[in-house]
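Given below, in the form of structure tokens, are the structures.
Presented sequentially are two complexes of subunit A, the first with subunit B as partner and the second with subunit C.
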Partner chain A sequence: MTTELSVNAGTLPRRSLFHRHGWHIATMALAAIVAMPLLLIFSGWLQAENEVWRHLSETVLADLVGNTLVLLVGVMLGVLLLGVGLAWLTALCDFPGRCFFDWALMLPLAVPAYVLAFVALGVLDYAGPLQTQLRSLFGDGVWFPQIRSTGGVISVLVLVLYPYVYMLTRSAFLTQGQGTLEAARILGLGPWGGFFKVALPMARPAIVAGTSLALMETLADFGTVAVFNYDTFTTAIYKAWFGLFNLQAASQLASLLLLFVALALIAEGRLRGRARYHETGCRSPQQRHHLVGIRAWLATLAAASLFGLAFVFPVLQLLLWAWEVVRNDLDSRYLALLWHTLLLVSLAAVLTVCGALLLAFAKRYRDDAVNSVAVRIATLGYAMPGSVLAIGVMLTFTGIDNFINALWRLFGNAASGQLLGGTVAALLMAYLVRFLAVAFGPIDSGLGRIRPSIAEAARSLGAAPRELLQRVYLPLLRPGLLTALLLVLVDVMKEMPATQLLRPFGWDTLAVRIYEMTSEGEWERAALPAITLILAGLLPVIYLVRRSGHDAPSPQASPREPMNKSGRRWV
Partner chain B sequence: MKNLICFLLTLFALATATPAVSADEEIVVYSARKEHLIKPLFDAYSKMSGVEIIYITDKAGPLLARLKAEGANTPADMLITVDAGNLWQAAEQGVLAHVDSKTLNSNIPTHLRDPDNRWFGLSVRARTIVYSTERVKKGELSSYEDLADPKWKGRLCLRTSKKVYNQSLVATMIDRLGEKKAEQVVKGWVGNLAVPPFSDDTRIMKAIVAGQCDVGIVNTYYFGRLQKKDPGVKLALFWPNQKKSGVHVNVSGAGITRYAKHKAAAIKLLEWLSSAEAQKLFAGLNMEYPANPKVKPDPKVAAWGEFKGDDSNIAKAGALQRKAVMLMDRAGYR
Partner chain C sequence: MRGFSRAIAKIYHNEAGHNERKNPVHNLIRASFRGIAMEFLLDINDMHCRFDDTTVVDGLSLHMQPGCLACLLGPSGCGKTTVLRAIAGFQPIVSGEIKLNGRLVSSHNVQVPPEKRGLGMVFQDYALFPHLSVANNIGFGLRGKSVKERTRIADKLLELVGMESHGKRYPHELSGGQQQRIALARALAPKPGLLLLDEPFSNLDVELRERLATDVRAILKSQGTAALFVTHDQHEAFVMGERIGVMHQGRIRQWDTAINLYYEPAERFVADFIGQGRLIEGRMVNANSVQTPLGTIEVNRAYPWRDGTAVDVLLRPNDIVISRESNIRCRILDRAFKGADTLYTLALANGDDVLSLASSHQDYSVGQEIGVAVNAEHLIIFQR
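Here is the complex of A and B:
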């Protein structure tokens, strides 16, 4: 609803304060919601914690920062290579199995990183079945790469995080006009030249959005690195909190992490400069580049092996483990777990996507300092380790509760105890704070590709702001919206620490169940909730992916069509 | 748009419409002990007494932060957590109440509860040495300290120092040997490691079976679980430090929160948990040792043999945990 009011602000003569500052009010409100928990975390600095800092910097801090940087670089290279390469193959080339891999390559998104980590370790480590088998065949000296290593962590993270880049880049490639690439060809560029000089730079916002999601997830990750016992900056945060019992120092460390992310994002923005990435001219349906012979089969092999490693392998292994325990562990509570998971996930996804839509429109209509700062703040939460963020949200809500209770007592009433703290509202807010960035990326880059002149034309034809939104923007944004919805759905489903801390009594989800088992090292028993989670996550992935596949060509490839239709009615 | 709003409102209504429970007959528990280890007990108690138990499980750290933040408005009546370090910290931060109960005082030995009676150990876990029966002779083993000896070079497997069990173990060593000597021991361990530390105890045992290393330090119930799956597993437990200090033991335990709304009912539950009837189940569910000395451990657990446990008060482990973490960082123990 706010969106409509705010659209008014952009189109109607300036009248009231609200109309003039509609966008600012809306974005700042959203930024405030996100900023509140983050500020509470930053407030850790109010208390000096010299001892912890001295200890960490004298002992482990240098190593941890080094490890984190190595991890970031490794994951970045990996997701760029896999994500962009595969997006190029499936969106613009043709090879055997392309139709299948086009959507199948998104499926690893449903596999939580910590699940792939414990599956990989369980199967591939020295004591696992594979190496044991190899030793019995070839003797003890047989060489096998060390799994619990930097390379191992990077591989696992890349395998689960590349779909962010793949999805966003793929839809960017799909919506790129053939005209631009054709022009490049005519001007003498080969297929590689066209890729590097035209397609890639044009897809840059999408690639950057996907990569920064993957990197923020890497920074915030604790589950995967814990399984590998690989120490990163997050480890220091948890060490300060759980080992040294110093939540202040932990928040200080966490806020440094945020600062780093904020600076990195600003730097990227600067590098990009004022370039804009709208589509120009009309687009004809994509002509795919037909790969032939060995190249075609190499493409198939690459896609198939990746899909096998990142999806088929963990799913099969989980099924195998789950089969062993299903008779004892599967009970009626699984229905409740599934129901809670799905309910929370759909509420959170819709809420978060609406928030992101608001931010993206605000940025489009009013790209001023206030809005860009608000957008930056609102999309920071993704880089925050889940537990720390959960504490921030919890402090916000208990603060509100305690305040209301104090007021209540002031008027002579008995305290009513918990009001908001233990409700779904707290949990939804945590999801909103954490995943706004995930939804914002695809929506913003989708919006960026819609030429302002389309909206201007609609307005000049007399479209009311509401119609503009419903008949022009939403249809054109559909692929971006679906991507955003899908990403948030799957991310919320996998989310663990905030769900654990903030869920109302009795609201266990599948992720909570996985934690209960993995924290005690019972990997096999964790397989049952894990496979249920993956299958539940697959439903939205498959549904949304197929829809986006069908929808993409119609509103996106020929943007004039909805205009014509609507135009007839308007005029 | 309207459809979407209707859909959201319906979902939200569903989400908030959790069935209300009658307020007098309930106890609210925050538990860091896993659901499958406490639910059977709660179910039994509810069946017996008619009192409803509502609980939420999470890690100790976040639960403690939540208790602190909620302050006087907390709905929680009881905090259950694993490890003396966490219990000590909860008492230190003032979220637990002093409890005066004859039943608890007689059921739980002094060294397994807070000197000020703010928390009570309910099950005992022994952290001991596990070894390969193929490559190690029992006579080679003697104490935790001995694992720092160069004869174990490349033969030792350890769990990560980030796990509170190891922090407590090192804390008791600091108490016993002093910081300097304890640091030497830990450095010796690190030097003897066959592979970087593992993320859990089960992996240590699997690595020993696979031949990656020969000895390790684990909690006994992990060994019990493995043995249950594979009775012929070529591993055995060794009870170290029997001449002097005894095997390092820790507890999982509980306390009543300072601002409990159902304090009397919660104390009753705690008393029941320390009773013979509940203790059998409490320890048995996870193959731990009962905290109540009148209750015998599960026959499978008893089969590992009797041992002398460290009987200095485990609250010390909590107080020294910070030092232990810093010491392990200095020693390069990841």
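Here is the complex of A and C:
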């Protein structure tokens, strides 16, 4: 009840329903938008099994499950090894080039997995330039690892996804403070013992969280496995829909994929336990372990080769390809594609940020059971793979269309068929559901930094709710809003499977264009949109790098929190 | 005058309920004293506040005149901050009423929003707007005024709080004490009739705290602004408050001047909370004297209890003097050297202990037996 915006009128009992339950209505509506696709997907099991499903389960299901498990285990081992290892090197050790690799190793986050996938295939496949060159030098018998293989898919995904583990673990190591490690040494542990018994267990929540993010991305991935012809649930869903035109089979596959996601989430919760990332108060700068001699250069070599493989190589190769085709492809059609992408992406970003803003304010003003459950549901969408989400949204809109048509017929009119199903509305809803959590994070933490007393001070100085929003909240939230906007913008731009399945005719995006070109093996022509995506993707990554360069943000802004003169603050 | 108007206020408010029409005498009193009752700047009657199932403020009444500096003092968790937030309009009240200048602003079904109450508030964490310069912070509450006028007022207030030339700075560039001054200037800018201060000095170090408390008092007095502030620090309350309300368990236990709280505590809790001292067991010999382990003590007033009543006697550290001639012997349990004085903890024959503040010229050691005498001007006795 001690809310700042809800107590509007002078007297309490005369307030309208909307005044009293406005926040509940808003959060529950958003939660419903997110929950509806999920519920509809699972409700598919209530209907009788059909022939196609039986066929699927007899033929491909075992393969799908096996492939997915292999992929998950492979990616998990890979990201753990690379992510934790590199985080340890850059956060706790010193070697030549450490300062550069410290942030450069985060850059591969800007490369969409499917882009690295097609670059790798284009260069390293049998017909690619490298193997052709090798054959011409050493003859036909030269051995080269088969790139179009399980190992190839896993390698590509690991190279793209390890930054999640790297970033979170690195900041966990950095915020542990010298004190705990020194305490471990005093208590009799050697440097390695200190690392394995203290630093690593303390970083466990961060490691688990990063790994779980990487595994979620793996489960959701469509572009990479499609390029490699590696069958997983996402490709099966796509084939069931576009190959067999069977929405029900697709939705049943989607629900199975969701089970995997749910298991991953539960495992994360279990492994993380009650531990959260927490910092010890002291921020004494870590005294890094100085590597010397061959070890130092080995560390540099490891970091450099990884950075080269995951970032320099794809970017250079794409630039090379793009240069070959730029004169032909950079035409009005490409600009129209770019324009469409930007329009769609901006619409989605604004919509999503508005939704997130509403959620964040609802949580702040009415932190009761209804709102906290609603907020939790509304931010679940990030866990839904794009292809699953597309099926759910399709089912939702089919339901709405059927309902409207039924109403229409009730009044004696002829049915009008598809109304909303194939429109931009469906696509926008999918983006909203998927990225609401992405936008909610920075806005919510930005709002959390505005101490309640700031708002109360404004009100005690005579500011009514609207003025409070304009003069206090929005200016203070600006950095958080910008972050949210940027993150959603880039994520929507990179999103492939949902866009692929839901886009109305003529609404191609850069990601769809890349898919079309790569599925025909025209690597060079996919390069231009791909390099555009990477450049766009670098924006939020640079932003994140700058943020993590400063020390980790504290949950409550102290009155003396550093901020530059314009009042801007890195969230 | 205060007691008189309080009595009137009591009549005026008690009859406002069910017997309004039935009792013509009360109606008459109400009509004739309405003008006096309206004089209160702040008028709280039988206020209750609740968080979920916990009652935090339990039937609190409080009356303040314009220009008064008052203080709510109490241990943490006694509900004093809740009272302040209820007055400001951030905390709804369950029953009772709050009136500002005679206007009802809070009751069980009325809650005028904070921005419409015309109060000023200084927050514990200052709550300066981090995105605004110091001058713009001060000017925040001045709406409907030209930029020039706002700048003029901000400059004047900066001068008042002794921070000229800081107008272009940002809050994070200021020290804690400077932020405190700006918070005060910002709250004073719209010329509120009543200023509320929530633990205003708790974030500052001790030395700064005392200096600022004196400064703030002088500033408020020079502006003639009434202020109600909340603290758990009695020294702060003694410096700032002309009237101090000692709060305990959601109620004001005593509303009085600092000196009366110290020497005439109305109840055991106040005696215990204010100042140092110990309650020792005693027995009334007659209306004017009491038998204690420290001998029979003459009382400076008559108590109405029967002879032989078991009582507790409040002894402040300066009530007990060390005297070589005395045949009442005590063993020293502990000594704390304080510079000019030394505070001794003394064991009595019955196991109780008392405090004695003695000049540090003469030093005694722990374990030593000394003679003591009671030298009390004001002796406070509570029936056991």
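Assume the second predicted complex is superposed on the first by the 318 of 571 C-alpha atoms of A that agree within 3 Å, B and C clash if a C-alpha of one lies under 4 Å from a C-alpha of the other, contacts with A are read in each partner's own complex, and residues count from 1 in each chain.
In the analysis below, a residue touches a chain if its C-beta (ideal position, glycine included) is under 8 Å from a C-beta of that chain, and two chains touch if they have at least 3 such contacts.
Everything numeric in this text was worked out from a predicted model, so none of it was measured.
When the two complexes are overlaid on their common chain A, residue A:Leu256 makes contact with neither subunit B nor subunit C. Legend: residue contacts after superposition of the two complexes on their common chain; A:Ala127 is shown touching subunit B, with no touch to subunit C.
Contacts of A:Ala304 after superposition: neither subunit B nor subunit C is touched.
Subunit A has more of its residues touched by B than by the other of subunit B and subunit C. Using the contact criterion defined above for the overlaid structures, shared-chain residue A:Pro475 touches subunit C, although it does not reach subunit B. Of the two partner chains placed by superposition, A:Leu338 touches none, neither subunit B nor subunit C. When the shared chain is aligned, subunit B comes close enough to touch A:His55, but subunit C does not. Residue contacts after overlaying the shared chain place A:Leu395 against subunit B, while subunit C stays out of touching range. Touching of subunit A by both subunit B and subunit C, each in its own complex, is seen for no residue at all. Of all the residues in subunit B, the ones that touch subunit A in their complex are 1, 4, 7-8, 11-12, 14-16, 18, 28, 34-36, 54-63, 65-66, 69-75, 89, 160, 162, 164, 167, 195-203, 206-207, 209-212, 222, 225, 261, 321-322, 325-326, 329-330, 334. Those residues of subunit A whose C-beta lies close enough to touch subunit C in the complex are 1-2, 7-8, 10-13, 451, 453-454, 456-464, 471-472, 475-476, 557, 559-563, 565, 567, 569. Interface residues of subunit A, counted against subunit B in their complex, comprise 55-56, 59-60, 121, 125-127, 131-132, 140, 148, 226-229, 231, 235, 238-239, 241-245, 247, 343-344, 346-347, 350-351, 387, 390-391, 394-395, 398-399, 401-402, 405, 415, 417-418, 421-424, 470, 497, 500-501, 503-508, 512, 516, 519-523.
In the complex of the two chains, the subunit C residues touching subunit A come out as 85, 88-92, 109-121, 123-132, 140-141, 143, 170-172, 176, 179, 186-187, 189-190, 196.
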